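Take a look at these structures.
In the two complexes that follow, chain A is the common piece, with chain B as its partner first and chain C second.
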Partner chain A sequence: MELGVVDNLAYLTPEFILTATLAGVITLDLARPKGASGAISKLAATGIGAALIMVLITFFELEYRQLTRVFLFADSFVVDPFSLFFKTVAGVCSFLVALFAARMRRVEAHGTGEFYSLLLVTTIGVFLMSSAVDLVGLVVAIETLSIPSYVLAGFYKRDRGSSEAALKYVLYGAVATGTMLMGLSFLYGLAGDTTFAGIARAMNSGNVDILSLSIILGLVLVGVGFKISAAPFHMWTPDVYEGSPTPVTAYLATASKAAGFAVLLRLFYNILARPEGSPTGQWLPIGDAGWTQLVAVISVLTMTIGNLAAYRQTNVKRLLAYSSIAHAGYILLGFVVLHGLGIMAMLFYIAVYVFMNLGAFLSIIAVSEAGGGEEISDFRGLGWRSPFLGLCLSAFLFSLTGLPPFAGFVGKAYLFAALVKNGWIWLAVIAALNSAVSLYYYVRVVKAMYLEGIPRNENDVVPLRIGGYFGILLFVCLVPTIVLGIYWQPLQKLAMHSSGVNTTQGPGLPR
Partner chain B sequence: MIASLEWFLLIGAFLFATGVYTILTRKNAVSVLMGVELVLNAANINLIAFSRFIKPVSSIGPQSVALPMEPVAASGIYGAPWIQGQVFAAFVIVLAAAEAAVALGIILGIYRGLGDVNVDETVRLKG
Partner chain C sequence: MSHLLSLMTFIPLLGAVIILCLPRGKHELIKSVAACAAGLPLFLSYFLWKGFDKSTPGMQFVEQVDWIPLFNIQYHMAVDGISVVMLLLTSVISFICIFASWEIHKGVKGYFALFLLLETGMMGVFCAMDFFLFYVFWEIMLLPMYFLIGIWGGPRKEYAAIKFFMYTLVGSVLMLVVMLVFYFNVTDPTTGKNTFNLLALKQQNDHSGLLSSMNVRYLCFIALFIGFAIKVPVFPFHTWLPDAHVEAPTAISVVLAGVLLKMGTYGLFRISFPLLPDQAIACSVMIGVLGAINIVYGALCALAQDDLKKMVAYSSVSHMGYCLLGMGAMTTAGFNGAMMQMFTHGTITAMLFLCVGVIYDRVHHRWISRFGGLATMVPVYTAFVTFAFFASLGLPGMSGFIAEALCFIGAWSNGTPVFQKITIFSTLGILLGAAFHLWALQRMFLGERNKIYTEQYHHVTEINGREIFCLVPLAILVLGVGIYPSAVLDLMNVSLAELQAFIQQYNTELKP
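Entry: the complex of A and B
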């Protein structure tokens, strides 16, 4: 029914709000009335917040109308719990990053308008990526995220590190996108369709050449592996994360990575596997393609390289970059098992990871805004100079390690449980060993904060004032990191509910 | 005589290989970008070739080599698979242009940030 098209546009409200905010930010920046800088950041944050609320409303709308998914634009765009979950995660990231940057003097000096318009475009890109179920739309969405990210990485124009980060990011990114496009062109040739549903139909027809499929898999993995910074496509990560402005680093490590996982799940589960029964149960790989083993090896490589390289780092941002590589490896564990439980564990871990990682980066921002540095040596005695910040950062780092009672522990527990349940014992053992190893470098930062540079007496303490604004934001990140470690069932239910990645089954709106 | 699909794919593969070789061997950022353009255009050749020769597994479509004069309903009520490839290629061209513009801007910014250094000399030093 063609008239239904207009009704369905209501499901795009979050994207519309973001686009309208983008237009508003650009106009405000061009008009430049007095004090526009503060108004711009407030407008952008409000817009992202409104989009986030609309995403949640859409969740309930789908539930209320008892729809599994709604297709838009000739089957190229889907609104389902899976995409809404990633939109929520990305919306939270953008919202917090927008708030972080609002009080950063350096961002203001380089142009608040530019920063927020680019941030809004990347957010739209992430939203589109999580919803795209057509190769053309997917590529456009990925580039909508990537191209502004390149610019954001080089946002501090006069800064040598920032410019180099941008150059590295754009070159690696362009190569990864090109290689992925080559793979997608073969995929189109093999399946004869660009919609995921059509590709899935072709793949399930049985006469698919496994060799071609393996080549496609390899080429596409380059592109997606770059986005989630999985080994061996992780080389850009440390340099780009270290050089970029810290809010941008926080964004790349969370929203951008989450979007990469959304694409990975959606694309690979649809083209290379099919559900055995229910999509929340076991999935079967197409043909005899041993790609789960390949992904398992990539996952082990990623987490091991990330954890081992993090040892030698003296810069906290670089350390967190390697830690985020290692976490990409952990999240990939859920991908390997080809089971609904694995997808659920991935979604759960991504949601948890976002909060603890944003919190850790926010701590760095708070320290450098208060006049500190980004080296581990700059964090010496910080626990005494600013007790609240020390407490928060320790919680984030322990949560990243996966220690109870923090949320990271529950996330890892779900991932490992999914592995063990599906017989990947060796992988679970390696992952557990890796987490144990990672404790060492996280604790090094905590040790610097509390056991080094201890003031001799009360009067010796040089307080580091982070200010109420950053304090509240830190608290906002701290609450989920602790609460989800104690009372995680609602998030687990939500992740379970959102784990349907398939695009072929289930009723949609009448078209 | 109509060239078969293999010829187009061979040209595409050759362009892709040339692009990857350029990317891997050149240290000059602009040359790397040229390599990327080759890779993207290899994908475009593939897409266009497939869009002409495609035989959809999933549905009824053009079974012959020549383009059908009348569009046949192929993928449900929307679009035909053979036009998807061309649309895809058009999008890739636009994206490649956007990406090149941003990349060149960033490269320019780096050279400017290096101070009085002549762009040509910097390029040679990096190469």
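Entry: the complex of A and C
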């Protein structure tokens, strides 16, 4: 659909708002009026919130104008429900992370301005990643997310853990991005076009060299696998997650990972798969390349390694790092089936995962801001000392395990449903057992909070006050975690709409 | 009373929410709210009992609304003869347990809120006729149970709590996969959609796709069976039970043995047998053999225990074996016996655990060999214990006898030589059951007082009014059902007969 230039740019309003906010934050930081740090965090949060609202408005506008997608910049950038879904998720993540960090003394000490400007750049990166449908644009978007993330990981400048995290992240990241770049250049060589639509046309022409395709697939998987921390490219995750400032960890585990999945879906459904034709939602891999089996193995490895390694952890952040590896494995399940239900399940799970995971990291922040630590032993008796925090963290952890009535259960049920529908029963059984086993380490934290350090009587309790600010934020994460576990029809509708299940396109583009 | 089942299920949840809003120190108020929240469902269960039509096998008190239409999940609550018995049992046991928990002083608010949440889960499991809803209720029970054992339990509570949690969860995730297999391979002809409705899933003609394969059906049955067997618990999945029972506080042991174990056998009746009748027939000998092993092995283990609570726990393993024996027989008498055993064991074992709680509260240990001659000191308590023990060992005139007899009759009337051998072997359980009960009774209550542990006798006081109040209704039920079993049998007989006839259609051996 051809639109005027101004109409075109209107669809980029969220990105413009973020950029304007970024400029504002930098200016404010340079001017350094008194009490700037409070103003900066408020400005950044407002900006992200406004961008988020614009994303939602764009959603409605597409619906209102009955457009399925809008192309910008010579077919290199697309605004469609799929990209808007990921922008919403990323917007929610950065909004909440911005609010978490606003009350962290350590962030303030290291420079509020730097933190928020970097956070805004990463957010722009995620927004661009979910919309990019051109190889060059995609690489630029990935780097826009990655480079500020490396800096954010090392944000606590004199902290050894934080510096180590940054170094590890940048080294692994450089290798992974480089490898992926190589794969993408091969892809260009094979297809002779950089836009996804053009590549898809070339791929569908029938004479595709399977060997080259397999090499490209392998190289691209390295890059994406690194972003979503899938085994065997997950090695950086525990150290980076443990060392980084907790809001950054929360961001990496949610928004950054979601962006990785957006790229994975977009890339593979465009260039390595084609719709079967009938409106069943089934897709076929191009040239019968057996990469779905490969992804199935990766997914099993990822969740098993994540779950087994999480057993022995004593640091809650590190434990959640391994848990996020395991979750990458679960989400990959939806990708294995190459079916519309699988994409829907992935989107659903990502949306749910964001809330429960952010909630869990927020609980850690709240505890350390109130004077506690990050080791499991520091959480002893916390359920009695701060009942609300204990209740929230337990809900997040049980939701991560996948127990009803929490949203995580529904997400997992849909992922398993996608597998069962497409006959991957063995994979469903492995995944289900994995999620049962994962209970053991999540419950260790719950056990420390409630079963240990039980006060002898109610007057002995030393209360731990997390304050109203963190309390409200926790509640904001808790509500979707529970409500979406009891009534999730709207989210499913949204996920179905965004995944293109109802069309034969999926997250792909018209061929 | 159009929403009777919803009310019975969610009033306890409402009570839990109210309790969470009450101030922490008001113990009496919290307990009163809990008693009301458990008492109202008991009151409503009277109308359920009165209004229940015993002459039809169909579903009654049906409530059916769409929950998640995009996935065709329904909020579908209903009862038939099988559920109604369990529902009545649950409401009685839960109400009594509130009073059995009256002496809890630590974390009162949390305890009663969790307990009421547990009751919601239990009620829901017995009412849900939608597989997804059933699964949600089934899993919801795990959380409160974990905390109730883990916080208010005995010395090894943490180990017992996580063991219970892990075992049950592993079983239930297998059930989740089977549930999805059923969803995608059964199409409801009336709506043309996939369905979780248990009554629609039962229609074997609609099974297609994966479910046409015998191997898949067999694996589904086994996976479901493992899920339910862990809950029953069937040998060799029973090892969580002694730990959980011994460490749990008295009231929680009562609920665990009285209601939660029955969910396993209820699940077999409600899900495994109707959904996969051909596999149920194929596996009937396996179920019977496992039942016989449970009966004898459980009784032998009970005989070896010196911890009174552990002895009672193993007696549960043995008694749940009778259920399996009756179910495996696939006869109407056997099914009736199994259901009867589920009901009577619920009441009898509740009495036993309450009795154990009484003595433990006073002397803070449960070693049978350290007692002796209690009968002269606490005659009323001794009378209750003796009553419960005799009921448990199957004395005629009490409900346990009827149930066990029906199980044996049912198993024998299966007619195959294998089952007759299994039945003969299982009768050993009666002997062993009498042995461990009577031996424990003799060592604890009769004879001389223990000469080494004399200190404890200072603490032995007679059973108090609250404890009698908990025990008496159960004793009346045990005696009443023992004398007039039709009161319970009539409720469930029609439904069970229909289920049995349904399964027997798929018995290929009978066909020429």
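By definition in this document, the second predicted complex is superposed on the first by the 494 of 511 C-alpha atoms of A that agree within 3 Å, B and C clash if a C-alpha of one lies under 4 Å from a C-alpha of the other, contacts with A are read in each partner's own complex, and residues count from 1 in each chain.
Basically, a contact is a pair of C-beta atoms (placed from the backbone, for glycine too) under 8 Å apart; a residue touches a chain by one contact, two chains touch by 3 or more.
Remember, it's a predicted structure, so these values are computed and weren't measured experimentally.
Undergrad: Given the touch rule stated above, what does A:A413 touch, chain B (first), chain C (second), both, or neither?
TA: second
Undergrad: Considering only touches as defined above, state whether A:K493 meets chain B (first), chain C (second), both or neither.
TA: The answer is second: A:K493 touches chain C but not chain B.
Undergrad: Please indicate which partner A:Y188 is in contact with in the superposed arrangement: first for chain B, second for chain C, both, or neither.
TA: In the superposed model, A:Y188 contacts chain B only, not chain C.
Undergrad: With both complexes overlaid on chain A, does A:I482 touch chain B (first), chain C (second), both or neither?
TA: Neither partner.
Undergrad: For A:G198, select first, second, both or neither according to whether it touches chain B, chain C, the two together, or no partner.
TA: First partner only, chain B.
Undergrad: With both complexes superposed on chain A, which partner does A:L294 reach: first (chain B), second (chain C), both or neither?
TA: A:L294 contacts neither chain B nor chain C.
Undergrad: Please give the residue numbers of chain A that touch chain C in the complex, ascending.
TA: 384, 398, 403-405, 409, 413, 416-417, 420-421, 423, 425, 428-429, 432-433, 435-437, 439-440, 443, 447, 450-452, 454, 457-458, 487-489, 492-493, 496
Undergrad: Hey, which residues of chain C end up touching chain A in the complex?
TA: 24-25, 67-71, 105-107, 135-136, 139-140, 142-143, 146-147, 150-151, 157-158, 161-162, 165-166, 169-170, 172-174, 176-177, 180-181, 183-184, 210, 216
Undergrad: Hey, which residues of chain A end up touching chain B in the complex?
TA: 74-75, 135-136, 139-140, 143, 146-147, 150-151, 154, 157-158, 160, 163-164, 166-167, 170-171, 174-175, 177-179, 181-182, 184-186, 188-189, 191-195, 198, 201-202, 205, 207, 511
Undergrad: Could you please specify the touching residues of chain B with respect to chain A in the complex?
TA: The touching residues are 12, 16, 19-20, 23, 29, 32-33, 35-36, 39-40, 42-44, 46-47, 49-51, 54-59, 61, 75-79, 81, 84-85, 87-88, 91-92, 95, 98-99, 102-103, 105-107, 109-110, 113.
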